[in-house]
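Two complexes come next, and they have one chain in common, chain A, joined by chain B in the first and chain C in the second.
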Partner chain A sequence: MSATGSGYDLSVTTFSPDGRVFQVEYAAKAIEKSGTSIGIRCKDGVVLGVEKAIVSKMIMNESNRRIYTVGIHNGIALSGFAADARQIVNRGREEAANYKSYYASVIPGKVLANRLAGFVHLYTLYWYYRPFGCAVLIASYSPQGEPELHQIDPSGVCHAYHAAVIGKNKEAAKSELERIDFSTFTCREAIREIARIIYKLHDESKDEDFTLEMTWACEESKKKHERVPAELLESAVKYAKDLKAKEEQDSDDDDDDDAPPAST
Partner chain B sequence: MSMLLKAAPMEQAKQARQWSPYVDNGGSVLGVAGKDFVVLAGDTRMSYGYSIASRNVTKIVKLTDQCVLASAGMQSERHTLHKVLKAKAIMFENTHQKQMSTKSMSQCLGNTLYYKRFFPYYTFNVLAGLDEKGVGAVYGYDAIGSFERVPYVCTGSGSALATSILDNQVLFKTQPQNKRDLSLEETVNLVKDVFTCISERDIYTGDNAEIFVITKDGIKKEVFKLRAD
Partner chain C sequence: MEGLNPYGSNPKGYLSTPGPDRNGEHMMGTTIMAVEFKGGVVIGADSRTSTGSYVANRVSDKLTKVHDRIYCCRSGSAADTQAVADMVSYYLDMHSVEIDSPPLVKTAANLFKMVVYNNKDRLMASIICAGWDPKNGGQVYQVPLGGTLVRQPFAVGGSGSTYIFGLVDATFKKGMEQKECEAFVSKSISHAMSRDGSSGGVIRMAIITKDGVERKFIPGDKLPFMKDE
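On to the complex of A and B.
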C-alpha cells in the first residue's frame, strides 16, 4: 500500500514535512475504485461518457445518474463519491442561475469551472470539513463560446482539457486518448471512441457489469447538454462490443499460433 | 388627574429643514438607438440650487469599447456609480478575457442600483451600446434599477421637454405616415436640436453637450455648444 502518513495525515489542515497534504491525496484515492468517466472536447462540441457499474439489479434504469446538466449548456460527469459530487452539481446550478441573474447571459464554461474549483478547494482548508471524495468533468458549450472541457480534482485544481479521464483505468484510457487528433475529431466519432475505450478496458472477470451513460453538447444538440440520441449510443456500443470480441478472438488465435503445447 | 387631561400648550410646528443626504445637480441626458449605431448625449452643467457650480463636468463614462453610460441627478452619486461600474467591467474582462456585452452591462447596472434599494443612488441613468448583433441598444433606468430597452430615452431635468419631441421625431408617433429609420447624421442633428430646445427653457441644462456616437468602428465624442445663461 502507499506510504502511511505517520501522523501527518490526520487532518486536512496539516502539511507533512515534504509538503504534502495527505488527506487530499487520500481523497483522490477514493476515486480510483469508481467507474471510469471520459470527456472529449471535439471540433463541434463536447462528449461525456461514464461507465456505470450496476450496483444492484433492483435499481431502476436511469435512477443511478452519473452525468448531470447544469444551466442548459453544461454537463457534469462524476467519478468517486456520488453524494459528494451531487453537492458540486447543486452548487454549479446555483452559480449558473446567479450568473444569469447578474449578467443576463449564459455562464461561460471557464467561469463555471473556476467557481466550482474554488468551491471544492474550500473544503481542503478547514479542519471541520473533509475534502470531496470525487472528481468531476465539466463539459460546456455556451452560445457565445467554444466547446470546453474542464476537470476538477479533490484538491480544487481545475484545468481545461482536450480529453480527460477520471476513475479506474485512468492511465490506460489516457494512452488510448493520446492517439486522437483533436483538431478534426467530431462528436459522433467521439461517442464511438469513448464506448470503444470503456469496453476495451473493462475486465469482465474483475469488474462488475455496467451500462454506458453518454451525453453531449454540440452543434447537433444546438449547444444544449443532453443525452446522446439512443440510436447513436446503441450503434456505438455495438461497435465497441464487436471490436472487443474481434480483438479477443484475434489474441486467442495469436495464442494458438504461438508456443507449442507444453506437454510432450 | 385633571392635570393629565389638560392638553399641553401647542408648540409652533417647527419647519426646520431636515438634513438630506441628497442634492439635485441638474442636467439632462438622452440616448437614441439606430440600426447599427447609438447616440448618447449629456450636458456638462452642474448646478447647485440657483447657482452654477461648474460649466464643464461630464456625466458620461465609457464602460467598454461598445458601451457608454450617462447619468443625470446627483454628481457625487454619479461619480461613485461610474467608478463602481467601471471596476466591475474591468474585473469581468479579467476573468472572461473579453469585455462585457451591452446586455450583460445593462443587467449588471440594474442589479448594482437595486443593491442600494434602501439608500438609492440618486442617479437617472441611460446606458447605450451595440448589442451582440451590432444593433443599437439604449436602456433607460430609474434610481433603483428598474430598466427597459427602448428606442430612445431622456432623463434628468429636461426630460419632460425632450421626450415629446423624440416621440414625434424618432418614432413619428403623431405622423405615422412619415415613419422611417433615421440615419446616423440625422440622429446626431436631432440630438443637437433637442438639447438646444431643452437649454432654452430648462435653467439647469446648458453650457456644452457631450455627444457620444458608437458604431462598430468605435466610440467618437463631439462637444456641442449650448446656451450659457
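On to the complex of A and C.
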C-alpha cells in the first residue's frame, strides 16, 4: 500500500501524477499505530469504546481521556494524535453551541459530523497547514432524531456507519463486527461485544497494557452522552477476559493451532 | 406650528411645493394578528402602508412567506421588515437543506429574534412569526421592537392592536377550531381598522396547516364590523 512519494509527497498542496495527495495518506498512517476505537450504532442508542494504552503508571486515572462529550447528546472518540483530535472536539463544541443559538434546537448528528468533516478537510487545502493526524468517531442521539454514528478521517471524508473501527487491528475488528445483526442489537449487548473484540485482538506479547474507556448515548442514559455505568463496564470486561482465557485454553487443547475457537 | 405649516417637516420648505412628504419613510401603521389552533395557525393583517398621512399602498400584503409552512406578519418600518424577512427566509432556506427536513417554527422565530435584537438600535420592526411544523403543530411567536421572543396562543401587533386588546382577551377561548379562529381574526382586525387611522383597506388572512397555505381576502366593503357605516 505504501509507495515512495518520490518528490510528490513534500506538501499537501501537491498531487502525484496518479492523482493522490500523499501527505493526507501519510496522515492516515499516524492512526494505524494508535489504540483501537470502536463504535456501534444499535437499535436503542450508540456505544463507543476505546483501547487506551497505559503509557506510564504515573498518569492519574481518567486524565488521558479518549472520548469527549460535545453538546450533551454527542460523543467523539479519537484515534491518532490526541492533541490534533482535541482541536476537532473544541470545534465540535463551538458548532453545537452556535447551532443552538441560531436555530433554537439541538444539533443533529449528521449536521455536526458534516461540519466537522468540512473543518478537517480545510486543513488539507493549504500549504501552511498540515492535515490532522487523527480520525474520529462521532456518536449522536439527539432528542428528535435517531441514533447515529459517523466517522471522519484525515482527508475530511465523513460517512454514517452501523459500526466503525479506527486505529490498530481495524481490519480484524471490522470482520468481527460484520457478524452483528444491527437491526436487533441493543446497547447493552454492544458494550460486551466491544469489550470482547478489543480484548480478543489485543496481543499481550506485543502491545502495552491498556484500560478500556466506554461511553454511550441511549434510551437508558436519556439520550445523553455519558460514561457507561461502572458495573456494566466491569461485567463486560470480565466477560471479555473470561472468553479470551477460554479461547486460549481451547486452542491450546486443540492439535491444530489455526482452528478458530468457538465463539458465542 | 409644524402641523399648520404647508411645507410640513421638509427642511427645504420654502423651496419645494406644498403637499404630503412622498419621500419619507414608509410605515405600516397596521393591525396584525395570529391565532394557533390544533392543526395549524390563522394569520391576518390589514393592508394600509402609510407615509405620514398619505396612504402609499392601500392593498399591501403584510403576510410574508419565509418558508413553505412558516409566515410572518410585519409591522413597523416597511423597509426594515422586508429586509429582516428576506434575511430570515435566506437562512431558513439553507438550514432546511442542511437538516434535510422542514424547519421548525421555533427556529424561524429564533432567527427573527437574533436579527431584531442584534440590530435593535437600527431597526423598527415588530413581527409575529407563525406557522406549522411536523414536530409541534401550529405555533405563534411574537418578536416585538426590542427583540424579545415569546410564544403565545394568539398574538396581536401594530398600532391598531392597542384598540382591540380588550376585545381579543374577551373573545379568545382555548381549543378553538379553524373556522372559529378565522372569525376571531377577521372580527378583531375589523374593529381595529375601524378605530385606528393607520390601519385600513382590506383584510388579508392565511390559514397554514400541514396541507398547505390557504389565502383569504375580505374586501373593505365586506368587513364584519365597521363603525358608522
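The rule is simple: the second predicted complex is superposed on the first by the 253 of 264 C-alpha atoms of A that agree within 3 Å, B and C clash if a C-alpha of one lies under 4 Å from a C-alpha of the other, contacts with A are read in each partner's own complex, and residues count from 1 in each chain.
Going forward, a residue touches a chain if its C-beta (ideal position, glycine included) is under 8 Å from a C-beta of that chain, and two chains touch if they have at least 3 such contacts.
None of these values were measured; they are calculated from a predicted model.
Q: Sharing chain A, do chain B and chain C clash or fit in the superposition?
A: clash
Q: Touching A:105, do we find chain B (first), chain C (second), both, or neither?
A: Both chain B and chain C are touched by A:105.
Q: Once chain A of both complexes is superposed, is A:58 in touch with chain B (first), chain C (second), both, or neither?
A: A:58 sits against neither chain B nor chain C.
Q: According to the stated criteria, A:230 is in contact with first (chain B), second (chain C), both, or neither; which is it?
A: In the superposition, A:230 contacts neither chain B nor chain C.
Q: Given the touch rule stated above, what does A:144 touch, chain B (first), chain C (second), both, or neither?
A: both
Q: Which residues of chain A are in contact with chain B in one complex and with chain C in the other?
A: On chain A, the residues that contact chain B in one structure and chain C in the other are 101-105, 108, 110-111, 114, 144.
Q: Flag every residue of chain A that touches chain C in the complex, lowest number first.
A: Result: residues 101-105, 108, 110-111, 114, 144 of chain A touch chain C.
Q: In the complex formed with chain B, which residues of chain A make contact?
A: Residues of chain A touching chain B: 101-105, 108, 110-111, 114, 144.
Q: How about chain B: which of its residues touch chain A in the complex?
A: 92, 95-96, 100-101, 103-104, 106-108, 111, 132
Q: Considering only the defined contacts, which chain C positions touch chain A in the complex?
A: Residue list for chain C touching chain A: 91, 95, 98-100, 103-104, 106-107, 109-111, 114, 135.
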